[in-house]
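Presented sequentially are two complexes of subunit A, the first with subunit B as partner and the second with subunit C.
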Partner chain A sequence: MKVYASVLKLRLLIGMQYRSAALAGVATQFFWGFISIMVFEAFYEHTSITPPISLKELITYIWLQQAFLAFIMLWFRDNELFDLITSGNIAYELCRPTDLYGFWYAKLLAQRLSSALLRCYPILLVAFFLPKPYNMTLPPNAITFILFIITLLLGLLLLVAISMFLYISVFITLSPMGSLLLFGVTGEFFAGLIIPIPLMPLWLQKIAYVLPFRWTADFPFRVYSGHIAQSDAIIGVFIQLGYLLGLLWLGKLALNNVLKRVVVQGG
Partner chain B sequence: MIKVEGITKSFKVAKRSTGLLQATKALFYREHTIVEALKDITFSIEPGEIVGYIGPNGAGKSTTIKIMSGILVPDGGKCSIMGFTPWKNRVEYVKNIGVVFGQRSQLWWDVPVIDSFELLKDIYYVPQQEYKSTLDLLIETLDLQDIINSPVRQLSLGQRMRCEIAASLIHNPQILFLDEPTIGLDAVSKIAVRQFIKAINQEKGVTVVLTTHDMNDIEALANRVILIGKGSLLYDGKLEELRKRFGTHKTITADYRKNSNSIDIPGTSIIHWSPEHAVLSIDTEQILTSDVITQLSKKVDLLDVTIESQPIEDIIVQLYKEFQI
Partner chain C sequence: MTLYFKYLLILFKSQMQYRTSFWLLSIGQFFIPFSVFAGLYFLFERFGQIKGWEFFEVALCFAVIHLAFSLSECFARGFDTFSSLIIKGDFDRVLVRPRSTFLQVLGSKFEFTRIGRLLQSSIVLIWALTNLPIEWSLVKAVTLFFMIASGVLIFTGIYMLAATMCFWTVQGLEVANIFTDGGREMAQYPLNIYQKWVARIFTYVIPFGTVNYLPLMFILGKTQGDEILYMLTPLAGSLFIIPCFLVWQIGVRHYRSTGS
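So, the complex of A and B:
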């Protein structure tokens, strides 16, 4: 456990070095958040039916999305790991007395945590004090908030487990671009990051509900706004856990498999 | 300590000729050639030895090191290091070894060196007390005081290499594998690295296996050399033996008063000649060095003579030629 704690510490230290990157990120996310909200606002004004998610809930959804970008985006990657695999520096990782899956999982988790810790506060803080209707609102009650925290963190663990497959695939393809695009586009779409899942057509919703992606973002955000009832949220936590354990097991299996075939080329 | 028996390893390499047509063809059908990187390699190394593992580029040196450090799985053969089979008990085994790959880096690029060391300390579960004393020793002997707080990206190659070596010794391994530790270093750094390797071998009894292309490394460090070429083991023994067996040539450089007579001596060949200066190569199996000098002094008025043994580099080149590798 100590190993994982010190990986996290080191990652945080690295993250802190790039303050201007964090600031630029915050600015971009504000911009993006406003654009999304205004687009949805325009749609909502001219709709004749009652939308399945209210504008207020949607705005909260979008601000949470922007604040916890590092928790939910599949394209948010650790290039160092890609370099390790493609350059052969992985030779060193294999000389360490640690389980590689756990070690990398910790690295990725730490990277996302450090990045989100630096960026989420300013976004959340400002989003609360924005003029109506652009402002973020508090969750309906304390239990909902606790449920949100639990589901958000489980979602993060789940996302890192999903992203591990991206890195494992690079052992075979040796280039991260293809996997990144494929994982990024499908994963983010079905996590409801482009169109919130309640706004998708029914048949598409059905697909999204079967895949693991929505449990990383759509689910915790809707728990926050109260769009998902508390009882459903508790069931959801178990589904998240189920997915998490399944994907961890599969990922470990896959990684051990590719490691057996790994060839570190060159002198 | 290290026992390698009949290790073989081959790689499948895709073959493709140049040209667009060939490239298109390769999309559908690829020819593969099997490259035998290691053929039946056997040797054993005792605790406390420093062994130089040499051979031309592509001989299989790094492959052997990678197999011995548990990164590659060989196709056949046995390997037992401290009772472990490296690729089978990887996690248990690697606690006991340190590895430096001269062409790769294990330090975190963006943070000060010391932070990488701290992480390694936790990865290897080194107790704080032990870490402190090891680190002090490493800082002192490798002269890291001034660089340990700088981010790795700001270090020169020589500085980084010293840190790399220190990093692989944080956990006090009993065996150290060095794959080209002096590659790209300047003379001063090379000497520092060599002295350090010697010191840890003598003081802590660390067994060292090092591959290198710099024969000075071998001369300074290794009593024993293992020579491989094209995947086969060609020589395993003392460096001195190698010199005796193959280094039978000496070079005599002579300065003398102006003399235009030729200085042809049987058993020698003239490499360079001028009326005041000559360089002779002698074969000590045919003629003794002292005889050459006696004969030389009869023919010319000698002013200065230097005798040089054949440099180890030349011996190796000659060896490579002899074994056709």
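So, the complex of A and C:
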């Protein structure tokens, strides 16, 4: 466990080096957030039916999405790992006296964590002080906030577990693009990145609720705004835990399986 | 111009060497805007309209912008990835050749896999056009063509500006994404749904409004007034590339090699 902790710490420090890149990212995400809010605002303006999620909740949802983008994006990837697999340098990794799954998991976790830590503060801070109606609001009470933190962190762990499958699949396909696209497009759609899940048609919502992607992002954000009641949120935490353990187990199994068959060509 | 086509042909051949990867990437490029479009469709299914715009009207707007974006990403990719030329010091080679830098950088890279994106937006375009009650005339057809062409020029202009920044910063700037990817996201809806100040910036500073809003209203028959004037608005927007070109020339003069 100590090994993984130090990998995590080291990677966090490396990630923190890229401050100017993070700043540029913040600017982009702000613009993005504004655009999506204005689009939704225009949609809401003349609507005759009451939408399933209020505009205020939606705005909070969008700002959280922008602030914690690194926790959602499946596109966010480590090319180093892909290169290791395709170039055969994976042999070195196998020589290390640590379990490969845990080692990579810690590495990927640290990358997302450092990226989000750099970006979330400026976005959240400014989003709170924006003029109405664009500002972000505080969660309704302290318990909701605690629940939000728990679900967000569990969501992050879950997302990294999902993304591990991406890297495992490259052992078989040898080209990351295909799986990246498949995971990226479907995963982000069903995590509510393109349109929030409550705004999807019912049949699509049903699909989204079954898949694990929605528990990584959509769920914590809606817990924050109080759109999901506290009692439901607590049940949700257990579902998240269930998914997490299941995916970790499956991922480990799959990785051990492909490693058994891995062929390293000399060179 | 012949040189440009030679560049085009050679790069096409070289990309075709990796055929499977090419097709996979193309298919991927098809599905990325597809999921965005699906999102748009579902929003309309729930809300019915956006500030008085119908689904197919917005779909037309979406198609025009995405067509322009994919074309410019395919043909002006050289400027988009320009920072790598600077970092590696390869721009020195470009400078010693007796041809214009503009042409050489433009020809340094093409991204043919954007054909997937192109196909997706073409399908949306046809779908939208067959479902809209438009009284077609020659002027309107020309306007539609101008809209796409002018969109390509505007995106290319933004790529050039971003590339020019590299002369000073060496590193590529992510901020430019605001105007390319962000501009695309924004311009896929008619401009008047946004706040006034946003609409103004994107009409007078970066003229997306002349591509997706004014001529669109004309095609959909929402305007009165001079037809020819509306037909020409996209042309006015494409003038945007002239200052970009001038800035590029200034940038080239300021170039200092990284010497690696």
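In this text, the second predicted complex is superposed on the first by the 267 of 267 C-alpha atoms of A that agree within 3 Å, B and C clash if a C-alpha of one lies under 4 Å from a C-alpha of the other, contacts with A are read in each partner's own complex, and residues count from 1 in each chain.
One rule holds in what follows: contacts are C-beta pairs under 8 Å (C-beta built on N, C-alpha and C of every residue); 3 or more make two chains touch, one makes a residue touch a chain.
None of these values were measured; they are calculated from a predicted model.
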Three-chain arrangement built on subunit A, subunit B and subunit C clash or fit: fit
Which of subunit B and subunit C A:132 touches, first, second, both or neither: neither
Partner chain(s) touched by A:13 [first = subunit B, second = subunit C, both, neither]: first
Angular separation of subunit B and subunit C about subunit A, which is computed from CA centres of the superposed model and rounded to the nearest 10 °: 90
First, second, both or neither for A:194, with subunit B first and subunit C second: second
First, second, both or neither for A:91, with subunit B first and subunit C second: first
Subunit B versus subunit C as contact partner of A:32, first or second or both or neither: second
Lowest C-alpha to C-alpha distance for subunit C against subunit B (Å): 10
Subunit C-contacting residues of subunit A that also contact subunit B: none
Touching residues (chain side subunit A, partner subunit B) in the complex: 2-3, 5-7, 10, 13-14, 17, 80, 87-89, 91-92, 94-99, 103, 260, 262-264, 266-267
Subunit A-touching residues of subunit B, taken from the complex the two chains share: 11, 57, 61-62, 66, 69-73, 90-92, 94-95, 97, 99, 101, 103-106, 108-111, 115, 118-119, 122-125, 179-180
Complex interface listing, subunit C residues touching subunit A: 21, 24-25, 27-28, 31-32, 34-36, 38-39, 42-43, 45-52, 173-175, 177-178, 181-182, 185-186, 189, 193-195, 198
Partner subunit C, residues of subunit A touching it in the complex: 21, 24-25, 27-28, 31-32, 34-35, 38-39, 42-47, 49, 51, 175, 177-178, 180-181, 185, 188-189, 194-195, 199-201, 204
